[in-house]
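Take a look at these structures.
Across the two complexes that follow, chain A remains constant while its partner is chain B and subsequently chain C.
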Partner chain A sequence: MPSLRRHLPQYLMIAPFVVLFVAFFLYPIVSGFYYSFHDWNGVDAPRFIGLANYEKLLGSRDFGRAMGNLATYISITVPLGILVAFGLALLVDSFTGRWASFFRNAYFVPVVLPAFLAATIWRWIYAPNFGLLNMILGWFGIPSINFLNDTDSMIYALIAVDVWVSAGFNMVIFLAGLKNIPGELYEAARLDGANKWQQIVHITVPMLGPVMFFVITYSIISAMQVFDKPWLLTGSSFAEYGGRRGALLFPVMDMMGRAFGEVHFGEAAAYGFLLTVAIILLTLASFAVRKWRRS
Partner chain B sequence: MTAPSRPRLTVWTVLKWALAILVAIIAVFPVWWMINVVFSLPGEPVSINPRLWPTSIAAGIEKIQMIFAETGYLRAYGVSLLYAALTIFGVLLIGSLAAFEFALFEFRGKRVLFAVIMLSLMVPTAVTIIPTYLLTSSLGWLNTMQGLVVPGLASAFGLFMLVQFMGAIPRDMIEAARLDGASHFQIYWHVALPLCRNALVTLAILTFMQTWGNYMWPLIVATRPEMYTVGQVVGLFNAPLSHQTVDVVMTANLLAAIPPLLFFLIFQRKIVEGIAMSGTKG
Partner chain C sequence: MAMCSKFLGSVSALIAVGWTGIAAAQDVTLEYWVYSDFAQGDALALQQQFISEFTAKHPGVKINIVGKGDADLTAGQIAGAASGNIPDVFMNGIGTGAQLVEVGALANIHDKWMAMPEEYRSQFDESAIKNCTPEPGKMYCLPYTGYGSLLFRNLTVLEKAGIDPSVPPATWAEWLDQMKKVKEAGMYAIPDQALIFNSIAEMYAISGDVSTWGIDWETRTTRIDPDVMAEVLQKFVDMAPLTSGTSRNDQATKDLFITDNLAFHTVGPWVNPTYEEASKNGKLKYDFVLIPGDTPDKHGGIQNYEIIGVAPGENFDIAWEFASYVTEKEQMARWAKLLSRFNSNVAAMNDPEVSALPLISKSVEAVKYAMDVMPPYLVKAAPSCYSSTVVDYVSATADGDYTPEEGAKEMIAELNDCLAE
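Our next item is the complex of A and B:
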């Protein structure tokens, strides 16, 4: 093929990336799909069992609990996290010069910490009796709460950590979006007598459209795969995970437990596909909503 | 009135400052508290010393020395640093080689290939992590450095970012270099790479942050204590049955936080710009 020879330098230069991409991205997807129809413990030969893995998962109690927790978690943490991040971006944007970057950097500190660390620090802040939070509540005469062992409060304790971390990340993206809004728009609105609130609703939010869309989609996708934080907040291991009565059991935790605790790799692979289908459906739904709102 | 008019001190301004400072305290306080727990005498009751400021620098240094001397922490530090350094080197080299071609040249199959790679940004890690583990395991790479590093090298995000930057290189410069007799690789090395140095630095920093904070992949691939990363060691210190006192655990946590916090102090503008770019151009 002449074109192949002519472009040989091109193919040689992209080869390392493409080979690794095929080996460690495309091949795993295909092999995962294959395993999802097999019963496999990683040692013996995989045994074809059709849709049994999927059936077992959809009927399992842990799967239902993990999905239920996930629904509650996403419906609170995504809107709350975005609202807080947007508020922080407006707040930082209202300062200028040194103070703007000071506050921006301060709000960004939780993002800089390794993800696993946020959970481990907060586990101690939440600790009963001597933990920082209970100490502060104690000053007001409120008795100690075991935030991470009380099934009513556990998910909110997780959401608080989550917002604490994600707010700074999304804020920075919003701030970049705010910089791209021409100042004349606000000037014109002010001349028309619009107050601050009206300017936010009628100029800032619509002009942030694409950025807002990215933040929402990205937040949903990463929230659906939440792992480190609930895993570490509950002090989980592959032998025992999810916290008291599975109140902090999430799909990826459940999947990892089935793979590395129970050694059911086929079932875990099927889990990954079910989760991916859910994520793709949600992503498509958000694209559809965007298109519908535009027309 | 010759002096520039100063902003008036309204109720609104006061509230704004109060809110900004309060949020700053909430954002930074857990980290500050962690430092104070480390740098105070162990066993002092909270009622006497609420750990709101550091009280004993010597006690903190002693705890750090104790952790380095008596646990596998130093080794984990080495593993994590090597893991991060090799990942950064690989992602930058492999990504920039491919980005150079995707951004500046035409070849058969380019569009489809690039579209597939960009589509992979949307595929959740959840679906690939277990088959990737099984592949790594069948290669005999469990508990090895290549097992940690190699599966993460083809970074679609890195490629995307570098293509954006390389695309801005004027074609005239490439042509001029070619007329001067430079080979294809020499153009990449002497023209394209220096021109996107900023993007490479930003990508290196983001990759460092991500690799240092990666918990899930080392947890399953590096299961032997001699291959533990900092994240795993910190996890062990925090495990319910670790029988460690809070000040020792916080020392372990603080040591894990120091490299990324230092990076942030030095490179804050690049980090923030890198993240902003991923959101506004993505």
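Our next item is the complex of A and C:
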């Protein structure tokens, strides 16, 4: 008790965070875990059903399809997004003054654009026959592609949108990292005869290690929760989502459909928990890889 | 003196609190959630007029109208039911009704309905009322606006393809023949009907009817007839090379239609304002007819309704009064005239000024033949795997992965698995 009294001001200072953290983060996770073992419609008393929700999910066709799509999506969008963002950061960093500011802001615009607006723009760009992209392809004699309904192209169409949106955010993070690299290192490298490419490979990339780790981890976590872009691009609703033959069906979409389309909140909670576990495992894996590389 | 002053002050305060309490007991604020397009422009102005008329007759009642998109309406009503904060009167699609019943967002209005005079009850479409009444003694909604899907035809495209537009196709065979001619002339015949559950239902109605459509919840099996579905899947195979590749809801579909690149568009009346506007600019020649069926006496297409629901709770009585006022003939007729939209109030549809509107008169005709989208309503929420299975097998068959017979057989087996879960 004396200790509590002595540190009361400190406890009071962190109290707002703790209250909000418990109410809006810890409690939903714990209650979600609890409901994942129950049949619950969100209103009536939950009925304990053991692992039935998990068994149903793991045996469901849409769960497998959503996870398969997610694996493809993450394996492309994360490295591609980081590569594009890194390239843009190097490009913007090479400018100074007004131009640097202009490009930085221009590439950041998609990040602040509301998702529905971005989706509308891209639906117009991807539209068959009259869409901007198909018009450009038409100039080269390439026939119209149905980007958002052709199951072979849908996921790539989504990845392009995702890279367009995420590149600006990751670019700003990389830019901050680039500014922290001492100029003397580049100067020394130049004196030693290193060309631009060698400077990037041997100075920039290693010096950006912690930033790169953050961007990779953050990108994986974001990608695993992908929802709004495929939802809007496919014109999904709670009753019908995922686009043609489920080519753009992702876990969070399926989870929302089960919650609000079928009123199976217990099943949706189990879905959320499985996804959370997968996110934690992937994050831990990236930490482990980092530790291994350091050692 | 000071004591006396304190006492008088306390009494005054108590009186003030008392009066406020009485006033609060008399004052009621109803939350009224509507579709977002009903909460803007002329539609909002008319809704506000309904509210003003109602509140003038019910002093102390205040009604807040809030517009929300489809997903927000559903999510908000379900979350509201969970937190005990449901809007008092609200709209949604009848297809979402089962979820709302399950979470207790929709009150049973059967007794209120039965207490209404026959003059009011007889105004409504019988089948729409039946859809709101899943079992005797349980009624969960009042049917509101609705639609019967129509076949919008681009007359310029038809003329370019050498088709006489003055004679609409009487059967599926005639229609398919016209579609092929359109494609041969270098234009698109129809959107890809395989992309959306509702457009698949529209096509199913060409060969089948509601007796072999929907879900049998007692046996947890689909009611789809494999022979009928095989016939329908053959239609999708026949149409596959003729489609624009866009869905019926895509903006690109409307663009193709307006720019004379697409001949047919089967959809509800909500596209008409866009086509009418293009027509006024002299850029589009179009009409709308009934979707043909396999035989001249049959027609395809679906019907669907938006509903008005009332939440249980302390405002239930006044909320019901407002819902019944808004759905009454006079209001429904004004609403129909403003939006040129069909609704479930037959008496309003028979109003001479309303029935004179071509889109409404055609919709009234379409609804007579049209099939419900996902019956039975308000019983249980169909699992998402149901509609995705139908769409997947139709798409796969149209893509050539299955023969129509195989596709129908596999689809029905998987639908039954989905329902058994």
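Keep in mind that, in the parts below, the second predicted complex is superposed on the first by the 273 of 295 C-alpha atoms of A that agree within 3 Å, B and C clash if a C-alpha of one lies under 4 Å from a C-alpha of the other, contacts with A are read in each partner's own complex, and residues count from 1 in each chain.
One rule holds for everything that comes next: a residue touches a chain if its C-beta (ideal position, glycine included) is under 8 Å from a C-beta of that chain, and two chains touch if they have at least 3 such contacts.
Keep in mind that what you see is a predicted model, and the values were worked out from it rather than measured.
Once both complexes are superposed on chain A, the partners chain B and chain C clash. Once chain A of one complex is fitted onto chain A of the other, the partner contacts of A:113 are limited to chain B, with no touch recorded for chain C. When the shared chain is aligned, chain B comes close enough to touch A:104, but chain C does not. More residues of chain A lie in contact with B than with the other chain of the pair chain B and chain C. Of the two partner chains placed by the overlay, only chain B lies in contact with A:95; chain C stays clear of it. After overlaying the two complexes on the shared chain, residue contacts for A:214 are found with chain B alone; chain C is out of touch.
In the superposed model, A:241 lies in contact with chain C only, and not with chain B. Judged by the touch definition given at the top, the superposed model places A:18 against chain B, while chain C stays out of reach. When both complexes are overlaid on chain A, the residue A:38 reaches neither chain B nor chain C.
Contact with chain C, but none with chain B, is seen for A:61 once the two complexes are overlaid on the shared chain. In the superposition on chain A, contact is made by A:275 with chain B only, not with chain C. Superposing on chain A, the segment of chain C with clashing C-alpha atoms against chain B, chosen from 7-15, 43-51, 79-87 or 151-159, turns out to be 79-87.
Residues 42, 123-124, 127, 130, 235, 237, 260 of chain A are contacted both by chain B in one complex and by chain C in the other.
Of all residues in chain C, only 70-71, 74-75, 78-79, 81-82, 95-96, 99, 102-104, 192, 194-197, 244-247, 249-252, 255-256, 259, 261, 381-385, 387-388, 391-392, 395-396, 414, 421 touch chain A in the complex they form.
Considering their complex, residues 3-4, 7, 9-11, 13-14, 16-18, 20-21, 23-25, 27-29, 31-32, 35, 42, 88, 91-92, 94-95, 103-117, 120-125, 127, 130, 132, 135, 164, 168-169, 172-173, 175-177, 180, 210-211, 214-215, 218, 221, 224-225, 227-228, 231-232, 235, 237, 251-252, 255-256, 259-260, 265, 268-269, 271-273, 275-276, 279-280, 283 of chain A touch chain B.
Taken in their complex, chain A has these residues touching chain C: 41-43, 56, 60-62, 123-124, 127-131, 144, 146, 149-150, 235, 237-242, 244-246, 254, 257-258, 260-263. Those residues of chain B that touch chain A in the shared complex are 16, 19-20, 23-24, 26-28, 30-31, 33-34, 46, 50-51, 93-95, 97-98, 100-102, 105, 107-108, 113, 117, 120, 122-135, 137, 150-154, 156, 159, 184-185, 188, 209, 212-213, 215-216, 220, 230-231, 234-235, 237-240, 246, 249-250, 253, 256-257, 260-261, 263-264, 268, 271-272, 275-280, 282.
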